[in-house]
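What follows is a set of notes on a single structure, which appears directly below.
Order of writing sets the chain letters: A, B, C and D. Residues in each chain are counted from 1.
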Amino acid sequence: MKPIRKRTTSTTRAIAVAIMAGTLVLAGCSGDSDGGSKGKSDAKGQKDAAKQQDPVAYGDAAASNGPAEEVPGAKPGGFINVYMQSDLTHMDPGQIYVSDAGQFANLVHRGLTNFQEDEEGNLTVVGDIATDSGQSSDGGKTWTFKLKDGIKDDQGNPITSKDVRHTIERLYSKVIFDGPTFVQSWLSGNDYRKALPDGPYKGKHLPDSVLETPDDKTVVFHFSQPRQDLPQALAMAGYAIVPEKRDTKEKYDDAPAALGPYKIAEYKPGKSMKLVKNDQWDPKTDSVRHQYVDGYNFTSTIDQASQTKRLMADQGEAKNAIQFTDSVDPAQMSAVIGDASAKKRTIQGYQPYVWQLTFNLDRMKDKKIRDAITYAIPNQSMVQADGGRYGGEVAGGLLAPTLPNFDPKYDPFGKLKKPNGDPEMAKKLLKEAGVEEGTKLTYAYSNTPRGQAQMLIIKDALNKIGFDVQAKEIDRASFYEQVGKLKNPYDLYMTGWGQDWPSASTVITPVYDGELVADGGSNYSHIDDPQVNEMIKKALTQQPEEAAKTWEQAHHRIVEEINPAAPVYYSKQIQLYGSNIGGARYSNESSYIDINDLFLKQP
Amino acid sequence: MSTLTKTEGETAPTGPESFLSVSDLRVRFSTEDGIVKAVDGLSFDVARGRTLGIVGESGSGKSVTNLTVLGLHNPKNTTVEGEIVLDGKELVTATEKEMEKLRGNKVAMIFQDPLTALSPYYTVGRQIAEPFMKHTGASKKEARARAIEMLTKVGIPQPKSRVDDYPHQFSGGMRQRAMIAMALVCDPDLLIADEPTTALDVTVQAQILDLLKDLQQEFGSAIVFITHDLGVISEMADDLLVMYAGRAVERGSTAEVLRRPRHPYTWGLLSSMPRLGGSIDQALTPIPGTPPSLLNPPSGCPFHPRCAFTGEVPGDRCSTERPPLGEGRAAACHLTAEQKQTFFIDKIQPRLR
Amino acid sequence: MTSPIDIEGSGTSAAADDAPDRVKAVETKSHEGRSPGQLMWLRFKRDRTGVVSACVVILYFLVSALAPLIAKLYGKDPYTLYAQEPEYPFLLDDFAMPTGSFGGMSGDFWFGVEPKLGRDVFTMLLYGMRTSLYMAVVVTLLCVVTGVIIGMVSGFFGGRVDYWLGRITDFFLAFPQQLFFIAFMPVVTAMFVSPQDETPTYLRAVAITLVMWFLGWMGLARLVRSSVLTLREREFVEAAKVSGASPWRIVRKEILPNIVTPILVQATYILPSTILSIAFLSYIGVGFVEPTPDWGRMFAIGADVYEQDPMFMFFPGVALVVFVLSFNLLGDSVRDAFDPKTGR
Amino acid sequence: MLQFLVRRLIGAVVIMFLIGAFTFFLFYTIPQDFAELSCGKNCSPENIAVIRENLGLDKPITAQFWEFMTGIVAGRDFAQGHCSAPCLGMSFDSGEFVWDSIMDRFPLTLSLTVGGLVIFLILGLGSGLLAAWKRGTAADKLVSGASIVLSSFQIYFLGPIVLGILVYQSGIMENPSYKPFTENPVTWAIGLLIPWLVMATIFTAQYTRMSRSTMIEQLQEEHVRTARAKGMKQRYVFFRYAWRGSLIPIVTILGMDLSALLSGAVVTEFTFDLAGIGRLAVDSSLTKDLPVTMGVMLFGAFFILLLNILVDLAYAYIDPRVRLS
């Protein structure tokens, strides 16, 4: 799934239920929280997270039929202002991987499947332009999708199975280099580009044995292995439909066609965008989206701090505004939480990210040293540098609370008891490992305010146990590229990873599968453990319940036996919205404000 | 040159006869260093049609005096005492408005450096026409015609086209002519010329002086002519006032003063000036020392620190007692009239030959 | 011959001023044998604003120079994360903001503590000023030396040399200064950096110095050039030339002493503007980085937390305003002392 | 005059070219694979190669430079479409044409500059003239004192204070934002009022000081005294003679300030979260996005050179000595 590739600082979030109940004596700005209330809020938090642990259901045709259930009290009309600190990275669905664009894709694009979320936050995969979430046969190796009637793009062209095929095939071409690669590699292997070097653009197509379109309404995927996660994978924005006639290759990224309820009326790169209603979108074909407001005005130049300030002040146009993928500015967290009227206007939950201090296993070969560092890290302080209690929560393991079967008690390094680290234990281990005082360690960090602050904390903690930490800053723009290089010269780096869909497969596979160690890959620690690799292979072919157990096994093996990355904290999400926004809620699927249900109370 | 010459000992014209009468003028600037007595008890008179020359070293108060006559000093830090009467009107107490009416009209001034004294931003014609329009209420057209007329009068060739030129397009002499045209445009009764020829080369200098004389004859104005150049003075002025350290030290008709100077300072001035036909071997004798500080002028006779003749005066009168300047032909010096004459003849005159 | 009093004593009533008198004062004093430098000093000493500003500026430099000593006496340093230390368990609240009122000001932390990390604001400011002042002095010196050399060479040699140096100066003047600083700081830093070791603070300092130096000398070069051009024609230089003095000697003995004062005045303007430029770079995020204490970075942090913790910005802000103000006043006073004609 | 203009223009083109070359080659001295900027998540070597080819980074540096420079005159073709002249290339990071990004942000920077300029010129020159006119009075001392104090403030200090008072605390004003002038001049002005005022406060102070001191200097000029000796009214002398002469230094400084402002009122944009040219410059330099940096530098240099020429023309207008020589 996605590393966190935001240009700026932090992603934060907290506990939806706690706030909605409105009963908690949260610390406010006084800071003298008593143990009782703290415990209570944590309990609530975990209960909320537990809700996110329900396995995803696959919806049938009935669930996939539109229109979507009305949001109580929703009114049509008006424009919602969307605050962003930087522009969307991509608008071409094939290139969309990171979550900001994913949030946008929900408004404009449609795929074969989509996630439907009920009031409780339970997720169901439903058919989006397909009639249902897909029919599997052959033990999950073959998947068949039938298209709904009445699906058109914003120019009124009907969408056929050819368009679906085109959508998949163009991912093989050189036009696309930023999007997810799950489906392509499932279909054609890891070097899938060789299967169709120019994509569909030179008239060639994938053989029917791989991707079949027997008629205008049917698409069949053939895999060599069972792919139980396919409906969830196809729900990603990266697999949203690009109509063949409308495809402009590279230029599509600036002016994509719209199948969803909104289309782009005006786009100024790096600055602003205006979405208006797409009158070709038929609510009857969509069981997830609404079209309450007349459109959205995106401004992509407002940094997190001013977003928060504006929404706190709730003046004028800010009343109709939402945060899209940015969170409350950590520095202003106390003000937001302390201000009852602002606090009412927040959505809170977890983010799928687990921040971890990744070890470069090619350089840090001694597990004892890795363990020592893991013990030494003051997780609590790291959270403080990212917004405090509302920004994150000390992590025990490497799987986020947003994944099924999350175990809040899993804590092999005793972080819950000693959130500020255990330097004694660390020193002991280092002594055993025979590490000399003053050993150099190179810590690479992204040159953002948060990155700088956390660097200071890590440097402080590791220097205290006898290392000589060399902190090496990397431009925020190329941080993941630099640490993603196999031969990178760094020992340690903070990375964050979140699921693509609620399954551990989208975390453990890309990050800890030894077979995926490659330049530019996301196995940042270069872990390559035969046992783990084996378990991954096994889990991928298993039915969800069994798979979950295998994933848990693999997780424990990774954390306890290998320790390729010290768990630091789980990110929380807290976003603000204006007082005139109705239908705002935290979406388990996107872990942002649920973009589908919004309306203006007074349009 | 004025035809009216005065005999020795006669007083300068006073009373109704004199057009400008300055008596006991004291000008002081207050500065952070203290009070500067720029002019200290100065009196002189000028009659219509006559020319008064004022000579003196830099900083002797020549220019300050004349700026004060025009009221161009800064009222904020300058105190002016005494009387300045122009054509029967007292100027020291006059309001700014009254002064504005006089300036450029009854009294006009020619400045030393026509390059800096003319605005580079406006045409010569406009600068000449401006005061004419202001003081006579003439229209633009009339004023322009007048400017051309004046330019013609001061001898600028092709005045019709030159009137639209800017000062920087004029040569130095032409600029000074334009300046004179500007000063004379309203037929002033009094013309103050502050070193009008210093910035010019000698041939042009002569032309300008001739021009001034001609114009004086034509208009009958009184002229106050400031310079440190005794040669120019001898040609221009009827009467002469020698200033030192803000005071008049010698006064008389030009011929008289130059021929028989009575003050050691005047002697000094004369001997430091080269003469045509003078002996080449004869060294020039500069006045020793530097001009005194007006902040803290020397006691007694302000010239005494530089004077070679203090020994001839009994006691320390030179350094304690300020010598008065008598009426008419006079010099402010403690030497007796006899001493003055013998010293001049014995010690000074030989050097002037 | 020009008598100063003739020119100066003539200001219009709205304009004329104490200038003539000052000139007179100069004359007066010079009779008593004072050098222009002494005169300047005398005039400067009389200017109360100037003396006070000079004292303030000197105080800033002293405090900066003595920062380590002061920090030692005070018992804190700008690097320690006090929120991590067991002695100070309640410095930051749940939101990582200072617990105490007024940004956590207390007997222990005079100017409060930094949000998020809990460093000591007082020592951060001390060391931040130290960084800025040291840098500014170095940059100013470099700019002055470069400007003087280039200005001298082109003014003194004239002709072709002058022409080409003039074109080079034009070229540098055409760079958009702010944009240049922003664009080249990361580049210049990257040029020095080993991929693995931490970029030492001094390398960043060198990079900043280079970038500022690069576009900092032109104004002075022009000033020096024009002064030299006029001086070159003056009699005493001619005289020295005729008497066979070497160019080097002429420059050293005849020209340099005569342009020292304008250079000095110019330097008093370059220095504070350099400090502001360095602060600007750090504020924008391309100058100094953590953990180097720096004035500009404090503003960047301060702007971030301004609403919750306005006190954090208060001290650096006031300190900067007072410093720039004193320097401006000092510059004016020095200029007045040097050249009483212009001005106030 | 014409010859002068032509000469200046040629010089400007040469300087722009040199600045372009300087920027370009300096960027290539750093160890940075620009292709990495364009790949988001999947930076596999294959993807990098694809990007490198797309961006033309596989060609020799000199060829790339030549392409860039000719693109300015003749336009260029990219996979994303034709980039018409003046083509400043395509951003490595966002894939936008640089010229478009600049044109997109320029209206904001221009609005900031022009609005601030009008305010600080009126206030600054006005109060400076007043102070010079009333020299030495209480009004003069007040204006001079206030201006020297205010000019010591910085936008990044004054800005938050003003925002705090006007926006966050009292809610009198909204957060600054840019709304195109063409849509509604009133909302345009309201949206930018706070930045204008903050900029104007600081610049006003500088202009007050400058216009006051140049006026005072001018009033001591001999030709001004001559005008008074001609009997012209004080007011006339002040505004016709002294003011005309003060314009030259004022125009000089104004030209410098304007080009600095136009090429990026970076601090103002940062302090008030406005996306103008300055912001673009910072973002591009932090991501080492060469074409954008090049574009912004050249754009800025263009304005500096243009304003230099305009300032020279203004001199000619003001001063006949310049005009007629």
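Everything that follows uses one rule, which is that a contact is a pair of C-beta atoms (placed from the backbone, for glycine too) under 8 Å apart; a residue touches a chain by one contact, two chains touch by 3 or more.
Remember, predicted model here, so these are calculated numbers, not experimental data.
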Worksheet item: Among the chains, which is located farthest from subunit A on the basis of C-alpha centroids?
Response: B
Item to complete: Find the two chains joined by the most C-beta pairs in contact, please.
Response: C-D
Worksheet item: Taking each chain's centre as the average of its Cα atoms, which is closest to the average over all protein Cα atoms shown?
Response: D
Discussion item. Using mean CA coordinates as chain centres, what's the gap between subunit C and subunit D in Å?
Written reply: 23
Discussion item. Suppose each chain is reduced to the average of its Cα coordinates; what separation in Å results between subunit B and subunit C?
Written reply: 50
Worksheet item: Which integer distance in Å separates the CA centroid of subunit B from that of subunit D?
Response: 54
Worksheet item: By residue number and range, which residues of subunit C touch two or more other chains?
Response: 10-13, 15-17, 186, 195, 303, 307
Worksheet entry | Per-residue multi-chain contacts in subunit A, two or more chains | 309, 447, 475
Practice prompt. Could you list which residues of subunit B touch at least two other chains?
Written response: 72, 76, 96
Practice prompt. Show which residues of subunit A lie in contact with subunit D when the two form their complex.
Written response: 2-3, 5, 87, 89-90, 95, 97-98, 174, 177-181, 193, 249-251, 253-254, 268-271, 299, 301-303, 306, 309-310, 312-313, 315-318, 447, 475-478, 480-482, 484, 518-522
Response to the item:
In their shared complex, subunit A is touched by residues of subunit D numbered 32, 36-37, 39-48, 50-51, 53-54, 78-81, 93-96, 100-101, 104-105, 167-168, 171, 174-175, 177, 273-275, 279-280, 286-289
Worksheet, complete the sentence: subunit C contacts subunit A in the complex at 81, 83-84, 90, 92-97, 99, 115-117, 186, 195-199, 289-291, 300-301, 303-305, 307-309
Fill in: Contact set on subunit D toward subunit B in their complex
136, 221-234, 240-241, 244-245, 318-321, 324-325
Item to complete: Quick one: which bits of subunit C touch subunit D in the complex? Just the residue numbers, please.
Response: 7-8, 10-17, 19, 170-171, 173-180, 182-187, 190-191, 195, 276, 279-280, 283-286, 299, 302-303, 306-307, 310, 313, 317, 320-322, 324-325, 328-329, 332, 341-344
